[in-house]
Amino acid sequence: MGTFDGILSGLSVAFSVQGMLFVLIGVFAGTFIGMMPGLGPISAIAIMIPLTYNMEPTVALVLMAGVYYGAVFGGSTSSILLNAPGISGTVATAFDGYPMAQNGQAGKALAIAAISSFAGGTVSVVLLMLFAPLLASVAIVFGPPEYFALMLLGLTAIASLSDGSTIKALISAVLGLMFVTIGMDSQTGTTRFTFNNSNLLEGIDFLVIALGLFAIAEICNLIVNRKKTIKNQGNIGSLKLSKQDFKEMSGPMSRQSFLGFILGVLPGAGATIASFIGYITEKKIAKRPEEFGKGAVKGIAAPETANNAATSGAFVPLLSLGIPGSGTTAVLLGALLVLNVPPGPLLIEEQPDLFWGVIISMYIGNVFLLILNLPLIPYIAKVLLIPRPMLISLVIMFSMIGVYSISFSTFDLYLLLAFGVIGYLMKLYNFPAAPLILAFILGGMMEESFRQAMTIANDDLTVFFTRPIALSMLIVALLSFLVPIIRQKKTTSV
Amino acid sequence: MFRSANKIVSMILIVIAIFYLYLAFQIPAFATGVFTASTMPKAAGFLLILLSIFLFFIKEGESEEDQEKRREAGQHVFYLGGVAVMILLYITLLEPVGFILASTVFIFLCSLFMGYRRHIVNAVTSVVFPLSLYLVFTQLLNISLPPGILPL
Amino acid sequence: MKHSKYWIGAGVLSLSVLSACGSGGGDSSSGGDGGGGEEENYEPDSSLEIVAPAGAGGGWDTVARSAAEGLEEEGIVDQGIGVVNREGGGGANGWSYIHNQEGNPEYSFVASPPLLLVPLNGQSEYSYEDFTPLSNMIADYGAFAVTEDSEWDDLNDLFDDMKENPDDITVVGESSPGSMDHMQFAKIAAGAGVDPSSIKYVSAQDGSALTNLLNGQADVYSTGITETVEQVRAGDVKVLGITAEERLEGDTVSEFPTATEQGIEETFVNWRGFLGPPNMSDAEIAYYEETFKELSESDYWQETRQSYAWEENYMDSEEFEEFLAEEEESMQDLLDEVGIDRGGE
C-alpha cells in the first residue's frame, strides 16, 4: 500500500462512525481524567487498555491517542482554576493561569489555554504527518551529552523565572536539585537520602511536589484570607479574547508549536519539559517579561501550546521507530503489543492505514476538544463560585485523592502535606517555587545524562565540546546566563 | 522580629545543607569513575551553603507588604495548624475507615472549622462529593479506593 | 523527574520498555460475590486478589491482568479476581503488603527475577523465602543487540574485544546496575570468560537505551527478545545472542542464535510466576497449583503467550521453590563477581 492509499484508508477509518465515536469518547474521557489532579495520561491510557482488547487496532489506537492528548488538553483547567495542576505537563500553566483567574478573568485564561492547546495540537499533527519518517532520524540524534546540554540550557533560565531576589531563586533551585537526588541513583543503584524507607526508593513523584508547592500552599493562603472579600472573587469574566490578546498569543503559539513538537520527538523530554522550556523561552524573548507570573497571556499560551505539540511529537519515535520516548508512550507501546501490532521501524510501511488513521483522527480529536471545551468553560469556571471554606476542603480532598491514585500509598499524602508546608513557608519568605520545580524536573535528567556521558567517554569531559549540537547548546546556555548580567552592568555604568 | 528574616532563613538553610552533606558523604561509591552517585549531592550541598551565606549578607529591604503577609499568617496560625491536623487525621484514617467516610467527615468538619455555617448544604456536599467520586473512580475508571468499613 | 526513576521495574520483564513507565494510576476491580466452598479442599470464599507490585501498564501489571482475565474468561475461577497495583520501591511496597497478608490465602502476587535481585541489592527486606511460591507460568529470555553495521557478528567476537578493551565497549540497558538487563549480560559474559566487574554498563530509561544504541553512544543493548524483533526486521540492529537454552520458535526469533550454541554454556531465564503470603497450607497451595496449571494449559493463555512471545514454563510450587533457591544463589555469586555488594541478604 502506498502513502496515498494509506491516507485514503486512514481517512476512511478516521471518518467512519466507529472512528469518530471513539475519538469523541477518547478526548472526552481524556479531558475529564486530565482535569483530576493526579490522574494523568498514563493512568488514562492504562484505564482504556482493557476496553480495547477486542477492538480493531486502528480504532483502539485512535481511542488511546485521544485519551492521551485529551488529558494534556484538559490538564490545564485545574491548574488555572485551583492552582492544582491536573497533570505534570500543565504545572507551568499555573504560573500565569492561576493569577489571571484570580484577577477575575478565569474565562479568558481557560479560553487562551483551549485555543493554544488546539493550535499546538493541530500544527504539530501537520508536522507529524509531513515529517514523521524524516524526523525518526532526529529522534535518535540526541545522546547523553546533548541531553545534558539541553537540561543545562533550561536551568540557566532559573534566575529569569523570578522577579525578586536572584539569590532566593537560586536557593530555591538548589533545593529542587536536592529533592531530586532522593531515591535510588539510576547509574549505580545506590540509595540516596532514603533513610531506609522503601517509599522513597523511587524518588519523590513530581506531582506530589507540584501539588504541594502550588495547590496546598495556595490553600494556606486561602485559609488566611478566607474571610476577606476579594474583588473579582468568583468573577469569571468574559470568554472573549480581544484582538490584542490574539496578537499576543500568535507569537508563542507559532513558535511553541514547533519547539514543543521537537522536544516531544526527543525521547525522554516530553510534554512537561516542553511546557517549561516553552514558558522560559517566551519569557526570555518577551518585550515585557515582567508581566510573566502575574497573569500574562503569553505565559498561558506558551506552555499550553508546547505541551500539546509535544504530545503529538511523542508519536514520532513511537510510530516510526518503535521507541517509547516517555512513560505514557511506553504504556501505548504495551497496548499496541496487546493488539498484535508490534511497533517498530516498519510500522508505517506495513500498516499505513493505522498510521494515517491515527494522524487524521488527531485532527478530528483536536477540533472536538475545542468545541467540547469552549462552551463548557463558563460552567467549569463556576468552581470559583464555591464559597471559600467549602473550596478549601474540596481542593484538599481532590489533591489527596489525586496523589493517592498515583501510588496508592498514604506515605505520599504525608509528603504532599509536607511540601504544602514548605511551599507556604517559601511564599511567606518570598522564595519563588517555580525554580524549585524546574530544577527538580530538569536536574534529575541533567545529572543522569551527565553521568551516562561520562561513563561512556571514560570521564573525558571533552565529549561536550566535540559534538556540535551539544557544544552549540552549551554556548547558548552560557550566553543566556552571561548576557543579562553584562547588560545589567552596562545599564548601571552608563 | 530578628534583624532580618533573611538572616534567620540563611542560618536554617545552612543547617539543612550541613545535614544533607553529612548524608551525601556517606553515599557509597560503586562506580570507579570520577563522577559518582555522590557528586551532584555534594555539589548541591556546598552550593546551598554558599548561597545561604550570600543571603545572610544581602541587604534586601523587605517591603511592608511582606512583613504584613507574615504577621497575618501568624494571626491565623491556629486555623492553619487546625487544618493541618485535620489533614493528618484524614490521611491516617483514609485506609482503615475508607475513602467515603473519611472524606465526608473531613469535608464537613473542615468547612465548618473554616467558618461555613450553612450546615445542611455542608452536609449534603460532604456526602455527595466523596460518594460520586468514589463511584466514578471505582466503577468508571476502575481505580480502587479504600472501601474501609462501609459494606461496599 | 520521577518517571525516569522506575528503572527497577523497568528491567523487570521482557517488556521492559512497557514497564519503564511505572507511574500512573493503578486500578483494580474486585468483582465477585464470594461463594463458599463445601469441599474439604481449600476453595477461596471470597474473590482472589492478585497484586502487581508496580504501576498500571507495566510488565508485572500485564502478567497480572492477563492472568486474571484468563482465569475469569476460561471459567477457572468463579469467585472473581481483582488486580491491585501496589507500586513503589521497585516492588518492595507490594511485597511488604503481601507479607502482611499471612493467613489470607486469597492474596498472591506476580514475580520475576527482581524478586531475587532487589533484596540481594539490599533494597527490600523481604526475599522470596518470605513468601509461598505457588506456580511459575512463563519464561522469557534476554537478547544482546548491536547495530547492523557493527563489526561484531557473534558473541565471541564481542567478548574477545571486551576482554582486551573493556573500557571501549558500552553496554546499555533499561534497568539499574545490579538488576535485570545488567545481570543477564554479566552472566553470559562471565560464562565466556569476561571479567564481569570490567563491564561498562550504562542504565538509560524512557526509550533512550535503544536510542543510544542506534546513535552510536552505546555499543551493545541488553534487553528482552520482544524489544529487538521489530528492529531486526527493519534491518537496524542484529542480535548477537539470546540467553535461552535453545532457539525459539517464530518468524524472526528463530534466527537469533543462543549463547549456548556459540559455545558459551550460560543461560538466563526471565521467569514469571505467582507467590502468596508466607506459610500457606498444603491445601491452599494445591488449589493454586491446580488453578494456574489449568490456566497455563488454556487456549486463552496460549494466545496471550503468543502475542507477547512468552515461552510456556509451568512449575508447581515445589519445583518453583527449588528453582528460586538455585537462581538466588547464582545471582548472589554473580553480584559478587560484578563487584556489587550492598549488604543485602
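Labels for the chains are A, B and C, by order of writing; each one numbers its residues from 1.
Throughout what follows, a residue touches a chain if its C-beta (ideal position, glycine included) is under 8 Å from a C-beta of that chain, and two chains touch if they have at least 3 such contacts.
Please read all numbers here as calculations on a predicted model, not as lab measurements.
K.L.:
Of all the chains, which has the CA centre nearest the overall CA centre?
P.N.:
Given all protein C-alpha atoms shown, the central chain works out to be A.
K.L.:
State the chain with the largest centre-to-centre distance from chain B, centres being mean CA positions.
P.N.:
In terms of C-alpha centroids, the chain at the greatest distance from chain B is C.
K.L.:
Roughly how far is chain A from chain C, going centre to centre by Cα mean, in whole Å?
P.N.:
That gives a centre separation of 31 Å.
K.L.:
Could you work out how far the Cα centre of chain A sits from that of chain B, in whole Å?
P.N.:
A distance of 22 Å separates the two centres.
K.L.:
Please compute the C-alpha centroid of chain B, do the same for chain C, then give the distance between them in whole Å.
P.N.:
The answer is 37 Å.
K.L.:
For chain A, which residues are shared contacts with two or more other chains?
P.N.:
Counting only residues that touch two or more other chains, chain A contributes 39, 43, 47, 50, 185, 187-190, 405, 455, 458.
K.L.:
Can you list the chain B residues in contact with two or more other chains?
P.N.:
Only 28, 30, 141-143 qualify.
K.L.:
Show the residues in chain C shared as contacts by 2 or more other chains, in ascending order.
P.N.:
In chain C, the residues touching two or more other chains are 25-27, 84, 177, 340, 342.
K.L.:
If we count contacts the way the header does, which residues on chain A are in touch with chain C in the complex?
P.N.:
The contact residues of chain A facing chain C are 38-40, 42-43, 45-47, 49-50, 53, 139-144, 147, 180, 183-191, 198-199, 201-206, 267-268, 270, 272-273, 317, 321-331, 333-335, 337-338, 340, 342-347, 405-409, 440-441, 444-445, 448, 452, 455-456, 458.
K.L.:
For chain B, which residues count as touching chain A in their complex?
P.N.:
5, 9, 13, 20, 23-24, 27-31, 33-41, 44-45, 47-48, 51-52, 54-55, 58, 60, 62, 66, 69-70, 72-73, 76, 79-80, 83-84, 87-88, 90-92, 94-95, 99, 103, 106-107, 110-116, 122, 125-126, 129-130, 133, 137, 141-143, 145
K.L.:
For chain C, which residues are in contact with chain A within the complex?
P.N.:
Its residues touching chain A are 1-8, 15, 17-27, 55-58, 61-62, 65, 69, 84-90, 92-93, 96, 121-124, 167, 170, 176-179, 200, 202-208, 210-212, 214-218, 226, 229-231, 233-234, 236, 307-308, 340, 342.
K.L.:
Which part of chain A faces chain B closely enough to touch in the complex?
P.N.:
Residues 33, 39, 43, 47, 50, 165, 167-168, 170-171, 174-175, 177-178, 181, 185, 187-190, 192-193, 219-220, 223-224, 226-227, 387-390, 392-394, 396-397, 400-401, 404-405, 410, 413-414, 417, 421, 424, 428-430, 443, 447, 450-451, 454-455, 458-459.
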